[in-house]
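In what follows, a single structure is set out as structure tokens and then discussed.
Chain IDs A, B, C and D follow the sequence of writing; residue 1 opens each chain.
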Amino acid sequence: MIVVMKQGATQAQIVNVTARIEQWGCQTHISEGKERTIIGIIGNGRPLDREQIARLDGVERTVPVLQPFKLASRDFHPQDTVVPINGVSVGDRKLVVMAGPCAVEGSEELMEAALAVKESGAHMLRGGAFKPRTSPYSFQGLGEEGLRYLAQARKETGLPVITEVMAPEQVPLVTTYADILQVGARNMQNYALLHAVGESQRPVLLKRGMMSTIEELLMSAEYILSHGNNRVILCERGIRTFEPYTRNTLDINAVPVLKQLSHLPVIVDPSHGTGKWELVSAVSKAAIAAGADGLIIEVHPHPSQALSDGAQSLKPEPFAQLMRELQAIAQAVGREL
Amino acid sequence: MIVVMKQGATQAQIVNVTARIEQWGCQTHISEGKERTIIGIIGNGRPLDREQIARLDGVERTVPVLQPFKLASRDFHPQDTVVPINGVSVGDRKLVVMAGPCAVEGSEELMEAALAVKESGAHMLRGGAFKPRTSPYSFQGLGEEGLRYLAQARKETGLPVITEVMAPEQVPLVTTYADILQVGARNMQNYALLHAVGESQRPVLLKRGMMSTIEELLMSAEYILSHGNNRVILCERGIRTFEPYTRNTLDINAVPVLKQLSHLPVIVDPSHGTGKWELVSAVSKAAIAAGADGLIIEVHPHPSQALSDGAQSLKPEPFAQLMRELQAIAQAVGREL
Amino acid sequence: MIVVMKQGATQAQIVNVTARIEQWGCQTHISEGKERTIIGIIGNGRPLDREQIARLDGVERTVPVLQPFKLASRDFHPQDTVVPINGVSVGDRKLVVMAGPCAVEGSEELMEAALAVKESGAHMLRGGAFKPRTSPYSFQGLGEEGLRYLAQARKETGLPVITEVMAPEQVPLVTTYADILQVGARNMQNYALLHAVGESQRPVLLKRGMMSTIEELLMSAEYILSHGNNRVILCERGIRTFEPYTRNTLDINAVPVLKQLSHLPVIVDPSHGTGKWELVSAVSKAAIAAGADGLIIEVHPHPSQALSDGAQSLKPEPFAQLMRELQAIAQAVGREL
Amino acid sequence: MIVVMKQGATQAQIVNVTARIEQWGCQTHISEGKERTIIGIIGNGRPLDREQIARLDGVERTVPVLQPFKLASRDFHPQDTVVPINGVSVGDRKLVVMAGPCAVEGSEELMEAALAVKESGAHMLRGGAFKPRTSPYSFQGLGEEGLRYLAQARKETGLPVITEVMAPEQVPLVTTYADILQVGARNMQNYALLHAVGESQRPVLLKRGMMSTIEELLMSAEYILSHGNNRVILCERGIRTFEPYTRNTLDINAVPVLKQLSHLPVIVDPSHGTGKWELVSAVSKAAIAAGADGLIIEVHPHPSQALSDGAQSLKPEPFAQLMRELQAIAQAVGREL
């Protein structure tokens, strides 16, 4: 960490800051500039609390030098992590596509969707049994009944299943049925939930919050990893910006940035990332071209009857078309689908 | 709701849309413009799912006419709600100031802070026992021990206590000790938690998420109100923007907007809203001038030793000074402190 | 346009609004809902001022039905526009790559860059002679001298030249030397400049402002088109968001959205869109996969000596590598490079 | 400036960076940490280009220590600047209110507005003759005719006049008629215009761009100041965020921040800052409470007939009411109106 002192900071203030830092077992280097004095801190491995130093008299601000995440960092784990899930590997040369309806709405509808996405080549089935909805008056999901339908669809299609878990007390239940636990964007900083899915030792898909930075996403991954659960998949799903035409702004930059900073697999959700089914195909191709390890796409056989997010769901036919087109993109970047 | 059809939508598509809407027991009005046909929907009280309609063939988009929140709306409850809490009323002519350290760090430190803020005229004591922290390596709060210190400080000072609850399973415990349950910004859309605090029938301070719109804040309040718990206090605490100089951008517009749209009391958190103690005084005065019903302010006797958010905590002396200055502002807007 | 009346709007207010609208030669359709009355306006072609109507007594808000842009709209011009520029066509099946240094720094440096990008297959040479810089103390560009170097490089390489014009009075001068006039992001709503480049009848590359919506970009294009100059190329170059890791957030969604809403060619600037040369390659591929008609990329033979934006400039070798990799992506989406 | 080297940077890279820096006449201090080496630069007064250093081999990033603005900085000019304008002083103990219509629409309408705002106690008359409009089809202002009406209104009321200038070539014309040249939000980084108003030696009101940082605002002020024109007034007018309910989000934090960083007067535009006349009163009071030196408010005698921005204009009566209420707020913060 670097400490920038205020213009006119007194010698006593500088001495006090260095004394405090050295008390914590760190060394200091002082550079006296014409207008500001700067104190470099050479750590002892223990993370220092920037805020405490920032409040010492005479300090203007502090600047971090090291990244705050460790287990999620590529510095500490240079090789790509591959997450194996019942025969499917996320993070490997072969891309992974998870597809299915936003919400599980019934046994037959789910089976219809599952068969359709399987036929088109999807590798996993997605579907929400517990749905986070902005309004208490909207459909909140079928709960355990929905989980049972998912398990049944897995049995019949062989596709591993991913579904969202919204609260720590749901983790044991969801773990019984699902192959991957999804932590949704609104819960990216629900720390009780992060601890619970960390403890579960199950694969976790961690979605980036709609107004969370890349660093915060990696810090939330760190919560899960710190429980010894290293099967974490990161998911870029669009951030909130001033642009009103799309529901969110998919942050395509995040794909190469996450691959650079971290060893964890990165997938992209073009359905939430755009909010419009007409844009899903273009953005899916962009995600793969940018280096994503896979996609999670909403597909609904009858989107105009969907109980949630119909506007961003593809019908099976355009999805099949997209899967065909993705083959060529995958090859163009040295991957396969 | 209004349905805007695509340019060139066929008569069959228009008939299909109206048929579907009428099937749901609503009436329709059709306006045929030169380029677009518009269908007005006259509801039967039941909220329609915009997304289902948006996916019907030929539909370009739908436009909501009514606000999606009801119990939180001033349309349905014109008079201001006043929340009484152990002798203090929030939302009344008299302003309410909640003050104390960000985190409860120890029995003595808390008592020192409690006595200081009481002496300066604060009406409630704030302090976190469960702390949501970006990093798993940061101080996470004292937990139940912290709650006990808060209860003790209440006993000795007579100040009601507000503290954060982070997970549904913590609600019974926190309810034992605290007068107001605080739902933090990161949990504003943690629906399991909203249900739990709604069920608790305790006063709730609901902080606006850093990424949440005013409408979403009111929808989250609706979750709590829908459990028959109408003691909800809204809190503006700054939103995330592109401006890097301050930690958040306090949305001062939200104060009059919330007072206009809702009957619930509105308080402001200038400490998180700015992230810098030097700005707290100016922004606190602005909040009261804009019509807020109170403030929640971080005060720490020794901010350079604080275990969290020291950089935004006031020392007791500037806090006392601020309380004196707020008197004049309160009078200027017809309130008292 | 649709007018939503306030709850409890009086009959007199409704009559007044319809009378006013009809006075402007438009027809009205009234839908009386349970809580709100809605007035549909059927236009006479003349755009109505929403704000005037919004201020009539009893009006809650107005909702536009038609897009505010006409000449830029695909509704009015369904076929793709192709902009021919000295033998290169932008918007055609063949992709166009414009490359070169951020700023023209000298005759030799420019020639070195021009030869390098030509050898790698770039189709046009970019380089700034007038540089918009945040600081008055930064290098502001070589001005006309820089323009002369550009013309010379064009002569020797055969590459058409694109360069920025910053003020209306510079238009005649820049037109003398350049093949495409670039309007920079900070000037996207510099209306005097938009008029001047419209009048010039030269091809214009219009960059999206870092704070501008897609609709505003098209409205700015409309300014140029309204002068009868239809050789406008749109450029997505990243928007400003809360994410601090990258300089801007490239809005990949904007590519398919612009292609859907407008007939104008769309290119992407991955150098400004990311601000980091390490990310340029991944994001360039994403842009082409998403349907962009081309790229504008900063390439500098010695980026560590660049006078501006060195951190986002590729060296010639990685640029050559990128051009090779783009071939495969282009083919995968049915284009060629 | 501080240079943070990459993990694993070689000794040769470190030597190369220090050699380069010393070549520019600066000194270096090296701190070798466990994971990263840090190089502090002690300047010779000449601003270094961070980007050039950032591109040297082995450099991870650079961190600025000093603020990039000098003439605008309070460090270099500790006393508040007061801008005298024909008998009115901006930045003094007495607050200044500028009021009038968004656009000058006609001689009579302007006179009616001017008399009304004068009677309520406004100190200056605002009104646009050149109007930046998103659409080429909207009313663009009366141009010089509008300027003449403004001059006439000044003559009859004695109120100094402020109006917007949109292009460098308009500066001489506008200077003939107006007391303050306003640079609008969309032109905050129109550098040709900043140079021209700097050269004019007239008082300038510089509005913050809707997506410009506080630092960028001060850098744009620096452009004007660097021409020896120190009569610059800063104006916070709302920034663009994700919140859709208000047109912009007024950044109240910016008021104390600007007063802290700079000696220049700061005024607030609550009309654009909110976009809704119902919010103007609350936000105006907040601005004064936060320490602003004045306000610029849109007032229109007949806002439902206004040719631009009617929805955010106050009628004369609520404006008069606001002026009365501001008296008490002004006194509460030790100012007068």
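By our rule, a contact is a pair of C-beta atoms (placed from the backbone, for glycine too) under 8 Å apart; a residue touches a chain by one contact, two chains touch by 3 or more.
Since the structure is predicted, the reported quantities are computational estimates derived from the model, not experimental observations.
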Chains contacting each of chain A and chain D, listed by label: B, C
Contact-richer chain pair [B-C vs C-D]: C-D
From chain D, the most remote chain by mean C-alpha position: A
Intercentroid distance (Cα basis), chain D paired with chain B, Å: 31
Mean-CA-position distance for chain C and chain B (Å): 38
Geometric centre distance via CA averages, chain D-chain C, whole Å: 26
Two or more partner chains touched - positions in chain A: 211, 240-242, 244
Touching residues on chain A, where the partner in the complex is chain D: 2, 4, 7, 29, 31-36, 38, 40, 42-43, 45, 63, 65-66, 75, 211, 240-242, 244
Residues of chain C touching chain D in the complex: 47, 49, 51-57, 68-69, 132-140, 166-170, 186-187, 189-193, 209-211, 216, 219, 222-223, 226, 240, 303-311, 313
Complex contacts: residues of chain D adjacent to chain B: 211, 213-215, 239, 241-246, 249-257, 260, 273-274, 278-279, 282-283, 285-291, 325, 328-329, 331-333
